[in-house]
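In what follows, a single structure is set out as structure tokens and then discussed.
By written order: A, B, C and D. Residues from 1 in each chain.
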Amino acid sequence: MVWYTPDINRQNSIDMSYKSETRLTVRYAETDMMGIVHHSRYYPWFEVARTDWVKKSGYTYSEMERQGVLLPLTETQCKYHYGLRYEDEVLVTCRVSKLTVARIEFEYEVYRLPDMTKMSEGKTKHGFINAEFRPINLKKTYPDMWKAISDLV
Amino acid sequence: MVWYTPDINRQNSIDMSYKSETRLTVRYAETDMMGIVHHSRYYPWFEVARTDWVKKSGYTYSEMERQGVLLPLTETQCKYHYGLRYEDEVLVTCRVSKLTVARIEFEYEVYRLPDMTKMSEGKTKHGFINAEFRPINLKKTYPDMWKAISDLV
Amino acid sequence: MVWYTPDINRQNSIDMSYKSETRLTVRYAETDMMGIVHHSRYYPWFEVARTDWVKKSGYTYSEMERQGVLLPLTETQCKYHYGLRYEDEVLVTCRVSKLTVARIEFEYEVYRLPDMTKMSEGKTKHGFINAEFRPINLKKTYPDMWKAISDLV
Amino acid sequence: MVWYTPDINRQNSIDMSYKSETRLTVRYAETDMMGIVHHSRYYPWFEVARTDWVKKSGYTYSEMERQGVLLPLTETQCKYHYGLRYEDEVLVTCRVSKLTVARIEFEYEVYRLPDMTKMSEGKTKHGFINAEFRPINLKKTYPDMWKAISDLV
């Protein structure tokens, strides 16, 4: 019986929740005059990672929105350990840290490749709302979508 | 009869079309690692200038969209003479260079203050479409809006 | 003796630290397909507010960087109460919530005008570093700058 | 002798200049309230495509900048045929349309996958300058870099 998992999912070996992995290359337009990636630019990366996480459920974020489920942000947070530079290759991981019928929270880690130095880590909190911007109970309103998502958590 | 107009509207003294003036301060997030404003960031400025131009008509861009008139871009263009830096004060002018019942074109000039050096100049072309993304004849469909806009050109 | 201060600075009536006020108009490019301001776009606003806060010290952020003092972000955070829309007028306040010789923290509030509804609030944490990206003791290295800033806190 | 080349490089079968291909997925943060990709967001894509084009030379854009060669934009241009949506997969091609010892021009095409509908096309013009922002003759100053690039054109 092997417990040792040498990869990035190691710390999740117990909770077994799904952690997505997204690769990105730093764009010139994402840097600022300090020569590193502007702090606000990590949030669109988190969004890309979230998009990839959702895909695993069989749904896409686009499909969820078309069906009338929006996930507006209620809180964002990011800690920056080191600066990233233009053309750096990065790996962004994403997992769900909390899920209720009304809310979902994601956690992210940003690693520089190939050395896998952790450059930053963040969190976003979202509410489930409908197209009229009213809170919904995802489990009651969209039971299939709820099952697909909660199965990954 | 005085033809001399010592301000920025001078070159329009003959066509008398309305030229809006918008003041901005360069944001840190608008710079890139070259230390100057990223070339893509001028287009949101043009958009701000366009927003100000439209206001003069008595309508707002928001109100036009709410009434079902969208102005998607069909072409954008910008020439860069000098680079702008963080905290530079700039003046962006905007005027309509062409207007038909189906299309509108805007021209922009970006000046650094207070020396009024022309830093860049651009152009955007737009079609009038409705919320279903279909081309419309603005004059027929929204005669009041058409009059308000064409009166400024 | 009047304690009542009916303006936005009310809650600071005791600590008397300086709170800057910055007015912005929501740009079209700051919205996303949900129809509201994208969550990442609040951080460049905070940066604009920070820029305005620093000006009060007699220095500018640009001048600080030219003298070799950078303030890279070590943490960002924002809570979103309501969504903002294109052309909304907003007021962003900024104050320093913590200052040491090595670090500075800013707090922000975003209000929609003219009703002064609080739409969001955030925080950013920064370290003082030099052009070689090494931490510095601001008080020792730049005593004048230190005084100018700490006088406002 | 076969002239027919069924791929995207077809139209270049005669000039044989190198055309790079870059795949991207539309990010949520790249959309605006019209529900499509904001027109300014195509320019960072062109930049990513340019970065990929340069890689083929054996140099990287980062390496060129570290050696003291900058390519500031002197002109940008884009035509938009159709709007792109969140999560659309796109292919951006890039080729050099003009190269002199002082200047370089790139052309881009943006296709939606998998149907390969051409969504937009653009052009950027650049000057070769050094770290002091002075124009340089690339052939004289950096003969190896010049050879690596001109071999692809």
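One rule holds in what follows: a residue touches a chain if its C-beta (ideal position, glycine included) is under 8 Å from a C-beta of that chain, and two chains touch if they have at least 3 such contacts.
Note that the structure is predicted; figures quoted are calculated from it, not measured.
> Suppose you list every residue number at the subunit A-subunit D interface; are over half of them used by both chains (same) or under half (different)?
Mostly the same residues.
> Taking CA centroids for every chain, report which one is farthest away from subunit B.
A
> Could you tell me the distance, in whole angstrom, between the mean C-alpha positions of subunit A and subunit D?
Comparing mean C-alpha positions, subunit D is 30 Å from subunit A.
> Using mean C-alpha positions as chain centres, tell me how far subunit A is from subunit B in Å, no decimals.
The separation of the two C-alpha centroids amounts to 37 Å.
> Provide the list of subunit C residues touching at least two other chains, using ranges where the numbers run on.
Expected reply: 28-29, 33-34, 36, 40, 43-44, 65, 85-86.
> Could you list, by residue number, the parts of subunit C that touch subunit A in their complex?
33-34, 36, 39-41, 43-44, 65, 70, 72-80, 83, 124, 133
> For the complex, give me every residue of subunit C touching subunit B.
25, 27-30, 43-44, 47-48, 51, 60-62, 65, 85-87
> Could you list, by residue number, the parts of subunit C that touch subunit D in their complex?
28-29, 31-36, 38, 40, 85-86
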